[in-house]
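Below you'll find a set of structures to go through.
Each of the two complexes below includes subunit A, the first together with subunit B, the second together with subunit C.
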Partner chain A sequence: MYVAVKGGEKAIKNAHQLLADRRRGKRDVPEISADQIREQLSLAVDRVMSEGSLYDRDLAALAIKQARGDLIEAIFLIRAYRATLPRLGYTQALSTATMQVERRISAIFKDLPGGQVLGPTFDYTHRLIDFKLAAEQEIASGVEAQAQPGAPMPKVASLLGEEGLIETASAADGEGDPTEMADITREPLSFPCGRDLRLQSLARADEGFLLALAYSTQRGYGRTHPFVGEIRVGAVDVEFFVEELGFEVPLGRLQVTECEMVNQFVGTDTLAPQFSTGYGLVFGHCERKAMSVALVERALRAEEFGETVQAPAQDAEFVLSHCDNVQAMGFVEHLKLPHYVDFQSELQLVRQLRKDFAARPAQGAEKASVK
Partner chain B sequence: MIESPHETGYNFAYLDEQTKRMIRRAIMKAIAIPGYQVPFAAREMPMPHGWGTGGVQLTAALLGPEDVLKVIDQGADDTTNAVSIRQFFQKTAGIATTTRTDEASIIQTRHRIPEMPLKAGQILVYQVPIPEPLRFLEPRETETRKMHALEEYGLMHVKLYEDIARHGYIATTYAYPVRVEGRYVMDPSPIPKFDNPKMQMSPALQLFGAGREKRIYAIAPHTRVASLDFDDHPFKINRFDRPCALCGGEGVYLDEVLMDDRGQRMFVCSDTSYCESRRAMGHGPVDASAEPAR
Partner chain C sequence: MQNHTGPDTPNGEIAARQAMMKVLALAARADIEAAFATLGSLPEFTPMRAPETGLVMLRAQAGGQGAPFNLGEVTVSRAVTECATGHIGYSFLLGRDTRKAQTAAKIDALWQNPSFRNQIEARILAPLRAKQQAADQLAARQTEATKVDFFTLVRGED
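The block that comes next holds the complex of A and B.
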């Protein structure tokens, strides 16, 4: 009976076998393929890529299959894999201004150069369960928006920038030499931290955590008066500067979602009133995440704008230390591990405290009556 | 670079050599400033944070092909997590493992220090959940780092004093803070305070790894490690009033095992290797093993 208390190799092996069995489910239902997940659960794949910080659709799809659809578990698989990959170098900064856009909307101008492109969005669907979807059916191919083909699509912020109405990103934000950028995967997070570290942390942060924090800023906990300046989703080229060649070579393309929030800023003694921004950039099509990042990012800049830091979303140490779901899930779930050595010392202490308590009946009675 | 003897597709002991070098540099700094928490760029490991990712990274950076590894959790070699970590290194490094404390060159532990005194040349790797001893008094890292820099430990002494004022003794039973070489206050990880004296002047190297919190710290061999206390309330460890029910060992830490739903319980060695070696030498129960029902 004593042996039964301690775990064992056999128990672990059996648990893994059972896990594989449950993952497969009923054998008379065809097994799902990673290809199917990649193509038909693409938004789940995008979230896993984005929070896993690794742009690989096939691997993300496989991770989702292996994790039985538990996305945080899948994110964890991707992170652990990516940690073993060698760091070859840093690419040039992505140019989202020259993005091949599949969706681009602005909430602050009715129309703008390049036009509004809805793209594939749930925004105006009625959330009615489509019972027909339960059966397989042919789906006609979609109509790609070709509003103004070939026309440039300048960033909304740059349109406002011409009048000096909006802040412009500075070199201190990490623009410029990519080798001088902070890298959260190579340096531990330390405070106070710059915008580069902040944006990197938020880009891989848990969507749910950021969503709730962003929401809290809208409800008065660190209000930022936000407007969606622009959301754009599409493909951007990744370029790498090769020292030996002396020029940049394209490595491939990524799909990213970018959100720029435009926020009111009334100015201070030294700064003229102008719009400030919150920024979010994530892998794949993750609009809710990109918006949440942008809202929280702006809230975290409170100090920079001389705003009182009083809400959770404005507190960099609080937000950035707790936004990583791989860290959070690990530490919360580690409570499942045995703690009987510590509990034994607590047992001894509580027994001692109770003994002391019983030995002081008068004091004890007094305490009880106060409660 | 040492090639992995196994077909895992990963480097020897999982981590790439650059990462190991980064960790070794942090270890060197930690040894040079005993008790000081050295930030390091912890990687995501294939087990969750809280399962010992800090300890695993230390072990991965330390292991060579000749090493013999022992892994314990709650003092036992056969707890599920200890089994899992041991298997991880068997698979990725192909090294020899043992359950015997005296045979191991590296011992990775969670929540205990082995009962058998460690020797020079051995390395004890602790898994650490919260490396900051001041964390529950001050949640901000920016503040606690300042407090360490200024050697400002008043808050901790006030906390211990308040315990004494309230209970007559210090009501901290595990993760009991220590002062290392008269300078840094350090969290010994959640070992019971029973184990604290084993850290003092140990001939073995003691390394502490916190993966999620990205910190490494160390106690070099033969370093002074004092549990915090007051002159009129010296540090005391809790002793068990009975021997181990299996090997009769005394002066060791015991696990309480519930036998049934009528209050029947037994107390047995938490250090399974120690208990087994004693039983192998012919020691056995001293008297009736189980406590009668209350």
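The block that comes next holds the complex of A and C.
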């Protein structure tokens, strides 16, 4: 029997009012603005953009404010918002080689064209709480170099590629036809899947999930012998072909983080051994995420390189089906919604089982009755 | 639509228009509006398409040069406006600022008009471009200051 249950409207309304109240916190503390979040909690904003799969800093900052700093809730808000907007088209492929670099490091070559540029990094900090930050203070702006910047910064992979030491990708590897390219926002996941769908899914995947999987490959669950070939963070130009105008319109610039992992050799009867790669590209400055994507991406290429698929990080169906935190939170958190009726049937069943158990014949007789 | 910049337009003209659009795309709305306000009396504009915000899917390539894939979406606002002179101005800009898109579309229409182009260049584009270049150069110098200068310690053990 199904019983429609109504009521709770008033409680829900008041709960949301209370949520707004608690979100605001103590009124003698100034309210935080979305601008402040965008400028001063920028890495949280970048994570929300990246996993929300929508590049819009102001929107991500507002979502963080609305979600009281719960980043997965904020990501959910971003995903819901994007569903309300029309799709105007596709951009030209972003060129990370011509990025306006604000950070670029390589762990495989000390001296490389363009050099090691640290940019704004937590690396080499002592991870000690800075109590001076508790008080407002003037912060000096970044030191300016005397030397004229602008030395070209070729991709590190291209340096190895010149000698054929690393697998080189070309655009011909994938179908260039936009209608053929996988798009997880249009088609649900299906397996086996190509590198296009994998890279899109990983770009919006949960950082924590990918970090743990990446770590598992380092600990031996699908080892790939990785080195950071290059990490670069910076601004790339976005261009959009407008049919009515007949040319590419520059839309602006956006920040991305790119990581290329260089992994141990592969070779075949016809191909001399060369390094293989894992690739990670994400919105904003999300370095840990980009590295994790690159590590997991390489692990997921196990089958392509004839490696035995035995670890979770190598299993595309496992990784890609569980990496989306909006899907994951939806299914996990739905358990807290009313399941009164489902549970009634469980209750009935367990009562029946207990009745049967109590009414069971004596032990010796029971053995005889087993069929 | 004889003033429409279409596929037959010379390449130099298209490149110049793209460069103008890029300046507007990278500029803050307040700066564009302040510069636009200095233009004085202008022809009438009629919106041809209501300003709209939508999504554009960003394409990238594996390894930066390999198989293309869909990276994720970005908000884009667009506006199309017709100037009383017949020139049609377009704008497509990252973000949700439809007001900025409307002003940028008007500037695009005026820029196509030879009797306005110099004024647009001098009063709007030149100052915006100078500001952007200064900001880019500052950021580049700050980045450059974080470049690692390796040196090797000579231990003198012979």
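Heads up, the rule we're going with is that the second predicted complex is superposed on the first by the 328 of 371 C-alpha atoms of A that agree within 3 Å, B and C clash if a C-alpha of one lies under 4 Å from a C-alpha of the other, contacts with A are read in each partner's own complex, and residues count from 1 in each chain.
Going forward, a residue touches a chain if its C-beta (ideal position, glycine included) is under 8 Å from a C-beta of that chain, and two chains touch if they have at least 3 such contacts.
What you see is a predicted model, and the numbers here were worked out from it, not measured in a lab.
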Partner chain in contact with A:185 - subunit B first, subunit C second, else both or neither: both
A:346 touches, of subunit B and subunit C: first, second, both or neither? first
Which superposed partner A:91 touches (first subunit B, second subunit C, both, neither): second
Subunit B versus subunit C as contact partner of A:246, first or second or both or neither: second
Dominant contact partner of subunit A by residue count, subunit C or subunit B: C
Contacts of A:101 with subunit B and subunit C, given as first, second, both or neither: second
Touched partner set for A:330, first subunit B, second subunit C, both or neither: first
Partner chain in contact with A:79 - subunit B first, subunit C second, else both or neither: first
First, second, both or neither for A:36, with subunit B first and subunit C second: neither
Partner chain(s) touched by A:310 [first = subunit B, second = subunit C, both, neither]: neither
Common interface residues of subunit A - those touching subunit B in one complex and subunit C in the other: 82, 86-87, 185
Of subunit A, residues touching subunit C in the complex: 50, 53-56, 58-59, 82, 85-97, 100-103, 110-111, 115-120, 141-145, 147, 149-150, 155, 157, 168-171, 173-176, 178, 181-185, 194-197, 199-200, 203-204, 237-238, 240, 242, 244-254, 256, 258, 260, 277, 279, 281, 283
Residue numbers on subunit A that touch subunit B, as the complex places them: 1-2, 5-9, 11-12, 76, 79-80, 82-84, 86-87, 185-192, 317, 321, 326-327, 329-335, 337-342, 344-349, 353, 356
Complex contact set, residues of subunit C against subunit A: 5-7, 9, 14, 17-18, 21-22, 25-26, 52-76, 78, 90, 92-96, 136-148, 150
Residue ranges of subunit B touching subunit A (in the complex, touch as defined): 10-11, 14-16, 18, 39-46, 48-51, 53, 73-76, 78-81, 83-84, 87, 110-112, 129, 140-142, 167-168, 171, 173-175, 190-194, 212, 214-215, 238, 246, 253-257, 259, 266, 268, 270, 272
